[in-house]
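Each of the two complexes below includes chain A, the first together with chain B, the second together with chain C.
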Partner chain A sequence: MKHLNRKIIYDIILSKFFFIVGLSCLIILFIIMLFLFIEGIPVLNHVSLTDFIFGTSWYPTSDHARFGILPLISASAAVTLLASLLAVPFSLAIAIYLSELAGNLIREIIKPVIEIIASIPSVIIGFFGMVVVAPFLQNNFDLDTGLNLFNAALMLAFMAVPTIASICEDAISSVPASLKEASYALGANRWQTIYHITVPAALSGIWTAIILGISRVIGETMVVLMVAGGAAIIPLSIFDPVRPLTSNIAAEMAEAAVGGPHYRALFAIGIILFIITFIFNIIADYLSGKYKFKEG
Partner chain B sequence: MNDKVIINDLTFYYGNNSAVKNVNIRVQENSVLALIGPSGCGKSTLIRCINRMNDIIPATRTEGDILIDGGSIYADKYNVSDLRRRVGMVFQKSNPFPKSVFENIAYGLKINGIKNKYDIETRVEKSLKGAALWDEVKDRLDDSALGLSGGQQQRLCIARTIAIEPEIILMDEPASALDPISTQKIEELIQDLKAKYTIIIVTHNMQQAARISDFTAFMYMGNLIEINNTEAIFTKPGLEMTENYVTGKFG
Partner chain C sequence: MLGYIVKTGFSALSWEFLTTFPKDSMTKGGIFPAIIGTLYLIIGSSIVSIPVGIITAIYLTEYASNEKIVRLIRLGVSNLAGIPSVVFGLFGLSLFVIFLKFGTSILAGSLTLGVLNLPVIIRSTEEALMTVPKTFREASLSLGATRWQTIYRIVLPGALPGILTGVMLSLGRAAGETAPIMFTAAAFFTPDLPTSIFHEVMALPYHIYVMATAGTKILETRPLQYGTAIILITLVLILNMTGLILRYRFRKKLKGI
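Then we have the complex of A and B:
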């Protein structure tokens, strides 16, 4: 009886403990959000919302400071779009190869290698972009600088490929063999089966992978800080130097006077980033639900 | 009657284990052959040899031969896709594609080179009627096939198979997961299909084998024990082992 009581007490203590741990995550997240909004919203005392978002000049430290972040938003959008265009087809090809075409031995080797690539610190990828890719681009494409939109997109794609490929591979591998057999039994060859049956059945997981990969690209700071070039202009060519939202915050936060308009503007940029990733998460949720494969 | 399928001394290995051992069977055109025997006796493996479905399983090996209309399906450079067009298959667990009812059938037509929209629509309707499913799904052709009941899904799989007009249909326990009414519908369907197709069906249900088949083959541990016309197998089997199995004394 005594033993039983002790068990019940343990049980209560443990469940309370995990409840508090779980709740604290939620509270900390909420406090960070609150902090972000409290620090950022007052930027509207210095600049109107439309001028902030659609203004084309970012001169935060001049005498007549201008806080237009359109160049930063367009830089983030352009880098993300280009990185996705490079990463998604490549990742899909890797995932299809690994799950449908490669032999067991090759899969056992390549899958872990891809996952190790995902764990390379971004500063090292940025370093590689600076020291190897930038001079290469500069010399071979006759550019003023190799630190530009294309370089950043290339490095970000390199970072996104392992994430996207690995999750896509899981999704494609989990398509029931019975569906593939049904397709083969109708006289379909391997490619027809992959294209018409296997990949469509895995779409929910593939979309989740793509959105997660893109989220990582949008939020990535170090790589773009190092290789994107840093010019706050709206890019007209893929070889223009750019200044995405994240790298702008990282580059300027240390020199902004606490509580000043510049400081407020940087926090407001944080809010914009938060909203963008939030929207992407909602899209990911929606898409993974929409294409969810229900087994008969 | 012609022998549509001739299985010649067939042995099939998973790794080093033979799942089918020196089996010889002749299947007459437009007849129904039932394969019976306890679980793991090699029935499913055997019918999966007839459309070379086992090719996709690694580390397997086949000895002996299977002839369809006199031609070896294991001949060099034999086109497996062509074989599977001629030899359709319905699986134990209904496996419709996660697409619409219409697309489930149209897929097989499209990959087999039928592009004309009118032809596809005609053949979708014809095969759904052939599988006794048309009346139940004609108003929901664009709905997901996964929303159909289990019995309807299995008849959709049959419709999908007959849409590409095979000559032989292999069925691997097609009614084992279905309720009695759905099972009855599938059995009636098999009787109708016999007029146009040669059917080889694996079943665990003795009554089903007795009701629907013309010939019955009893397998045990990879060996073919006895094959005869169905009436003989069930009323005066040649071997005691067969009798014990069909009367339920072991199995």
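Then we have the complex of A and C:
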């Protein structure tokens, strides 16, 4: 009996231990937030919130340092928008093809290939953009530099396609067969069924995929650091060199004095990125939870 | 794309390239310290992320009874997964490098990468645990086993291949990430191999980045950059392929039940 008791106590202690470790993700998330805010918020001693967000000049190292991140925000927005425009239709086509049209064998081959592409380190994609795509753009479009907004968007789209396509594919595959069968029974052909039934039914999943994809594009650092060109200006053409938020942090952190205004400003940019991706993730989570098809 | 890089960079590869130090201020020689550095970071990050990740997943699927807490933790995991890698770098810099005074070191870089990889391991472990049929657990419990005995003897062995897949994928990610280690672990050049976890290291992805963007001899060192890129791609692909093959065989076995 004593032995049994000990086992049960042991079990209870273990379950408490698992609970505490289980909370670690939330704790880590909280600590990340805490440290970003501790390091970033004091930038407001040097610049007002409106000047920080809407200021158009970013000269962190000059004698009269200016910390306006509008050029960086607009660069991030432009790159993200362009990358999404390139990636979303393509991903959707892949997802529809894989879930509705492709045979089993092709699916078994393409799905791992997509996963492999998703696993290529971003620094490799950035490197490819630098040594192959940039010279190509420069020569064929008669540009000053091939390292620009368009190049970055192209590389980011390449990175986003696997993410968006695989989540879309899951969403489309989870549409119950009975819906499609009903559509066929009413005389609809395959394309009509996909267009009018399957895709609308999977729409919340597709939106989740797009939002997660966009969120990854905003946060991607190495690619934009290497191929976006790095000029802190508000882009007027898709061939302008730009400097998105993420690459700005990566490029300047090494030279910013710890605790100085520049250092604070970079952490404040980190806060902005954190908040943006946080919101996107909450939306994605909400959408994916809301309209899930029940199995059966 | 991979084909192009491999074709162009192949000539730079040699046994010497893999086993020697950089020479003549990085314009010649090999990438041995960067390979070793990346291996250290992979190992270090997995010491952090594997135990915590697997335990969290076990808690979520096996222990947790409160729906609200489970939902909250899952939300935390997906948000953690969504944080940009450069923000992880900032976090690592402020907490590990500065606040805890680890300095730019293997330790700080490993911890940062470990935290970054947690969501990957948690998700894949959860998935693997859920594939173990509920009846197995009920049978074990009805025989008088405690919850932990059931998990340890029945559930974990069944889910092991799936868990290993997640571990492999996360290792591949740790090997390729650049932004989180830029401020926390990576050095452009170290004359010696690191001998302590408080030393900074060279790492393959950072090596590619620096060689391709900084310095005065970018064009002359192109072959070295291609060569380093090939090594990194090979490393990441091996880790990922192992993971995918494991999962493929695991799924086949599941269908057989």
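Everything below uses one rule, namely that the second predicted complex is superposed on the first by the 279 of 296 C-alpha atoms of A that agree within 3 Å, B and C clash if a C-alpha of one lies under 4 Å from a C-alpha of the other, contacts with A are read in each partner's own complex, and residues count from 1 in each chain.
The rule is short, and it goes like this: a contact is a pair of C-beta atoms (placed from the backbone, for glycine too) under 8 Å apart; a residue touches a chain by one contact, two chains touch by 3 or more.
What you see is a predicted model; the values in this text were computed from it and never measured.
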Checklist entry - Will chain C clash with chain B on chain A after the two structures are superposed, or do they fit? => result fit
Next on the checklist: After the superposition on A, what does A:A77 contact: first (chain B), second (chain C), both or neither?
Outcome noted: neither
Item to check | Winner by number of chain A residues touched, once chain B and chain C are compared | outcome: C
Checklist entry - So, A:A231: does it touch chain B (first), chain C (second), both, or neither? => result neither
Checklist entry - What is the contact status of A:V132 with respect to chain B (first) and chain C (second): first, second, both, or neither? => result second
Checklist entry - Which partner does A:I28 contact after superposing on A: first (chain B), second (chain C), both, neither? => result second
Checklist entry - After lining up the shared chain so the two structures overlap, which partner does A:F18 touch, if you call chain B first and chain C second: first, second, both or neither? => result second
Item to check | Which of chain B and chain C A:I38 touches, first, second, both or neither | outcome: second
Next on the checklist: By the touch definition at the top of the document, which applies to A:A65: first (chain B), second (chain C), both, or neither?
Outcome noted: neither
Checklist entry - Touch check for A:I110: first (chain B), second (chain C), both, or neither? => result neither
Checklist outcome for this item: Superposed, chain B and chain C have a smallest C-alpha gap in Å of 20
Checklist entry - Can you pull the chain A residues that chain B and chain C both touch? => result none
Checklist outcome for this item: The residues of chain A that touch chain B in their complex are 176, 178-189, 192, 196-197, 200-201, 293-296
Checklist outcome for this item: Interface with chain A, chain C side, in the complex: residues 1-2, 4-5, 52, 55-56, 58-60, 62-64, 72-73, 75-91, 93-95, 98-99, 115, 118-119, 122, 146-148, 169, 172-173, 175-179, 182-183, 205-206, 208-209, 212-213, 222, 225, 229, 232-233, 236-237, 240-241, 244, 248
Item to check | Touching residues on chain A, where the partner in the complex is chain C | outcome: 7-8, 10-11, 14-15, 17-19, 21-26, 28-29, 31-32, 35-36, 38-39, 112, 115-116, 119-124, 126-128, 130-132, 212, 215-216, 218-222, 225-226, 246, 249-250, 253-254, 258, 266-267, 270, 273-274, 277-278, 280-282, 284-285
Item to check | Residue ranges of chain B in contact with chain A within the complex | outcome: 51, 53, 56, 81-82, 84-85, 88-89, 91, 93-99, 107-108, 111-112, 145-146, 150, 153, 157, 160-161, 164
